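Quick notes on the structure that follows.
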Amino acid sequence: MNRIVNQPRGPTTQGRTFSEEVIAQTPGDDPRLSMCLQCGTCGGSCPSGADMDYSPRELFAMIDADMRGEVLSSNTPWYCVSCYYCMVRCPQDIHITDIMYTLKRMAIQEGFSQESNAKDAPDFSETFIDFVENYGRSFELGLATLYHLRHHPMNAMRMATGMGFDLFRRGRMNLLPTRIDNIDQLQAILAEAKAIGGNGDANL
Amino acid sequence: MMNNENFEPVIIGFTCNWCSYRAADLAGTARVKYPPNVRLIRLMCSGRMDPTFVLQAFAGGADGVLITGCHPGECHYLEQNLKALRRTMLLKRTVAQFGIEPERVRLVWASAAEGVHLAHMITDMVEEIRALGPLNWPQVAALNGNSHVPVLKKAATVSEEKVEVAA
Amino acid sequence: MQTYSYYPGCALERNAAVYHDSLMAVAESLDLTFTEVEDWNCCGATEYITIDLIPAYALVGRNLALAAEQNCNGRSLVAPCSACFLNLKKTDHYLAQSPELNRQVNQALAAGGLHYDPGSVHVKHLLEIVAEDVGFEKVARAVKRPLYGLKVAPYYGCLIVRPAFDGTFDDAEQPSSLDVLMRTIGAEVVDFPAKAQCCGGHMTQISEEVALHLIHQLLKNAVDHGADVIAAICPMCQLNLDAYQDAVNKHYGTDFHIPILYFTQLLGLAFGFGEATMGIGQELVDARPALANIQSKPLKPPRRKRPSKKELPMPPKLQEV
Amino acid sequence: MMPQERIGVYICHCGSNIAGTVDVEELSSWAGEALRHRGVVVARDYKFMCSSLGQDLIAKDIKEDKLTRVVVAACSPHLHEATFRKACADAGLNPYLCELVSIREQVSWVHTDKVAATAKAKAVISGGVERVIHHEPLEPMSVPINPATLVVGGGIAGIQAAMEIADSGFHVYLVEREPSIGGHMAQFDKTFPTLDCAACILTPKMVSIGSHPHVTLLTYSEVEQVDGYVGNFSVRVRKKASYVNHDVCTGCSICEEKCPKKVVDSVFEAGLGYRKAIYRPFPQAVPKYPVIDAENCIYFDTGKCKACEIHCEAGAIDFEQEDQIIELNVGNIILATGYDLFDARRETQYGYGRLANVFTSLEFERLTNAAGPTNGEIVLRDGETKPKAVGIIHCVGSRDRKFNNYCSVICCMQSLKFAHLVKERTGAEVYNFYIDMRTAYKEYDEFYQRVLSEGVHFIRGRVAEVTDVSNTPEEEERLVIQTEDTRMGKQRRIPVDMVILSAALEPRHDSDEIAHMFGISCSVNGWFIEKHPKLDPVATMTEGIFIAGCAQGPKDIPSTVTQGAAAAARVLGRIQQKELALEPIRAEVTEALCSGCRICNNLCPYHAITFDEAKEVSVINAALCQGCGTCVAACPSNAISGTQFSNEQVMAQLEGLLMLNMAEPVLA
């Protein structure tokens, strides 16, 4: 990374700064990103904060400095466990967790998600939604196995022989998820939703 | 239908001496530009805004009326701006009954620090009224004789009283 | 008799089937009826929103639209899974806040012949309705076999109390409704300061290290305070604490074997249902040894040690829910 | 019809400020022509109307042309209305017959098109001309000022204000809710930044107020009702029964010693210590007499005990005593009602109320106070263990949208003081956790430097949580402060034995009711609103009501004392004037028109409108009326007129603005 952050990097091709883009793509009336005081409540509250390469607070400063590449290749959003501690404690009511989801979507869209050391996470999400799109229901443990088969064959073996087997034995694991009756309807809705633009500006 | 683009509406603005009139002063001091379609009348408080003034403004040829006051909770006279709020709500209903688009009456809160905000609101309102076109009020002639105005005012005041009792 | 629309969520179909079954059993004792939303789909968990915004909201939107359509008399929609609860509630909340998002999501729903007006479905978590709508008094009346002597650590996790969209029903940091509920059925509630901490969610799949750390912290805190059993209100929490306990022990060299039961299972036991009916034994860490601690009479409260003369007074506690 | 008035119109160039955008010559010639039929006899433009030459121009015309009305088109009336009114008065014209219309702030500075700007300026002048025709000569009203003053609140702000006024020889009634004056300052041990002992500097002031010949001290008392207006308020005060006859009590305190009922003292000891059911909050209390807290008294509960009565040799105990109602007449009122401390239990993640060794700032003040429950020893809640590490958390309940959006001003300095005291008295490791360090005042940053040099740790980061969930053996049985150290962007967990929460200052829980009773208002945050935040910080919008100290907003002791003195100075100024001139912008009822509907009665925020049952009409008290005009607008019979803002004036201005007054119809 450059040692000096050159400012301003200016608006992107869509005529918006990076910060404005993040705000526009985050649902709700206003994620209040610009209100950050840099107090560190979020970074301090985060259960997986120790493993993040930047604290959420630092990411917000970097967003403000238009450090798009650095922000989108950070592992921070991928380590977010969605516990919402940061959001309820933030003295400025910034929608931190929602912003993390926005950053994940942007990272995937712009091909940055493979940069971070959490590069398997997007695949996990993709695998999950494959199930949802095909069956209408998810399949948490089958999903885990399939995911691990792709990325961590050893873990998958462990799942299959250890815990997975135990769960299966207790009838807590399916071999196939249930399919909803009206899967056509769901698929039509999702197809239309994707056609609308996926990351359409929620705030426009 | 006339071409509204060339239409220059006349808007009468009622401002409160303590906040919004000072906001207008501040817009001036800060050289914030807005269209020259608004002419302001200074009142001591938005609570002074008599519904008759608004009807008279329309009768006299105004295309819109802007009422401005202190933000709720910041009224110089404790809470008279809330009375202006209630009156404006009733007034919008009353003018609608007279065939006037309620959008022609607009209530805006502006503190003495919000010169830019007030200027934006004025610009926005001018554009909105321009899009609506000139006020076309069949009763104008009748009202010019002033005969309806006290009746109207009474109606608005009495219903305000009811609102206050209900509240 | 109170009737609710019911959104079980995927986990209750299989992995957390005991949660569903035990709920259905205790529902009768509490005069509750649940009408399952027909043909509901997955809420997307925390995954769909990671990939695509509008489809993620449309996915949840379909459930809300179905619930609204099938819900003729303004019943609340109840989700027993905290993640489902949050997704349903959050979607409704943001759709109401953002007209453009609402328009786009409804455009997608229209492709399936559906429509949803934000605000028309009132989403509640199962614990919320037991604590607030049913009330502790009614629960107390249903108790036949109080769980005297069973030391329970009430575990809330995150998503029922956080984020606080339109105000949650309980404190975001130190909630107390489940504590009161467990005391109502005779159990002894242990102090469990970690009660609203995160179970790791899907981090078991992303970074096992992080997940095991969080799970370890929870298990340790419950065991440190002498809990026999942890009461859970969410299938994800139950799964992580139950299924990864072995991995935690291996990783940290610990020897935890604290069972994780759904709060409905404990309610059922107190209401007099048998262990088998309550699905005891489905958990990986066997709950039966812990349940053997249940006494027929309340334990004598431990003698409070006399405070020293020097001791300074504590501020009065804020009232529990 | 011949116009009745002779009007002069004066247009200011303001250098190029107006003339650059508005065609001023065109304006003056237009006004002279087009408004002649409305009475304009002279219209001039001049480079700077507000200059003495400009003013002379007006004066000369008033005299020579016998002008009866003047319209000046220049800058905002808020800038030069007084100037031109005075110029008119000097020339013999009643100042209220002059109208200033703004063609600078509202025309030349905000518009760019010269033609459009000139057209608008014409409308503005036309409105002014129409309005001024309906102006009436007015005289300022005057009201006599009762020289006695009521000060509400006996903290340092109220004490200072009372002292200044009483020392000047005027009488003060000082009303205090608690049994003693002294307020929060009396609870403190040391005061920053000089660390002088609070009691040493405060108690002499308390004593001299208590014995001042010009002060009537009404402790254990509350104001119940306020009527009247500036110069002449009548105030009803309830003096609560203390069940102790002050005429015979010697203040020996044997009753306190013998009282068997111990109660947690949640006021003076901030909940950290005990008092008896009969008590003085602290030994140096002023007045020195104890009160019986009937709620906790065994006698009042069971009818038995009377230990205090038995042991009182003076026979001062009087269980039959009743509340006393005292009526006061005063000319001015100073409200110095202080603040409440934020209830730190609401910020659950810091564990106050759950974790024994989490203390609030006020608890810690009592802990360090030599007269406090531990005789000044800094120990844990067990009353004996000395802490080895102490964390001090700033901004608890402040700068947080969930609780209070504002900075509580004193917490940084207070936390530095705490850090110093802990370090000095226990040698413990001290950690300060802050968002921003705010030490902006004389000698304040120097104090920060001093505490830095004493080896106190400063961690920039708002604490995420204080927890007893331990992760490591070092954390066992201790409190762990988890935060992001924003200096390095790393999470830190710091085990300590004691946590001190620098809790926010909040408006008194009943500040809304107090404001309503005295006819003033509260800001969104609940603090009393001053007349002007910078230029009139101790006056309020209600004449005769002043505010001082934390009731107006969080502040430290020096600022509080300054405000107390400032409010006193304002009151003294009023008293010395003996009577007060009021702006004659008032509403009046024309009795003949009033239908007696009473709609206006409840609309007045100042309770200025009453109903005369005999005449069946509403009556407005001119001294109470502040001229907002709400009643004028609401009167369905047009029976109320507002001077300077009458219906006729506004309607006329409206017609003028819409150019309905032109001899030839002009399409606006």
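Order of writing sets the labels: A, B, C and D. Residues in every chain begin at 1.
Operating definition for what follows: contacts are C-beta pairs under 8 Å (C-beta built on N, C-alpha and C of every residue); 3 or more make two chains touch, one makes a residue touch a chain.
Remember, predicted model here, so these are calculated numbers, not experimental data.
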Self-check item: Lowest number of touching-chain links that must be crossed from chain B to chain C
Solution: 2
Practice problem: Count the C-beta pairs in contact for every pair of chains, then give the pair with the highest total. | Solution: A-C
Quiz prompt | Relative to chain B, chain with the most remote C-alpha centre | solution = C
Self-check item: Distance from chain B to chain A - Cα centre to Cα centre, in angstrom
Solution: 48
Quiz item: How many angstrom lie between the CA centroids of chain B and chain D, rounded to a whole number?
Solution: 32
Exercise. Could you put a whole-Å number on the gap between the CA centroids of chain A and chain C?
Key: 23
Exercise. Could you list the positions in chain C whose residues touch two or more of the other chains?
Key: 172-173, 197
Practice problem: Name the residues of chain A that each touch 2 or more other chains. | Solution: 85
Quiz item: So which bits of chain D are touching at least two other chains?
Solution: 349, 465
Self-check item: Full enumeration of touching chain pairs
Solution: A-C, A-D, B-D, C-D
Exercise. Could you pull out which chain D residues touch chain A in their complex?
Key: 349, 395, 399-402, 435, 460-465, 482-486, 489-492
Practice problem: Spell out the part of chain C that touches chain A in their complex, as residue ranges. | Solution: 10-11, 13-17, 39-42, 44-55, 57-59, 61-62, 93-94, 97-98, 100-101, 104-105, 107-114, 158-159, 162-164, 172-173, 197-198, 200-210, 214, 239, 243-244, 246-247, 281-284
Self-check item: Residue numbers on chain C that touch chain D, as the complex places them
Solution: 171-174, 193-194, 197, 217, 221, 224, 308-318
Self-check item: chain D to chain C touching residues, read off their complex
Solution: 264, 271-274, 345-346, 348-349, 352-354, 356, 360, 373-374, 381-384, 465, 467-471
Quiz item: Which bits of chain D are touching chain B when the two form their complex?
Solution: 76-78, 102, 104-107, 109-113, 116-117, 119-120, 123-124, 127, 519-524, 529, 541, 585, 599, 602-603, 605-606, 626-630, 632-636, 638, 642, 645, 647, 650-651, 653-655, 657-658, 660, 668
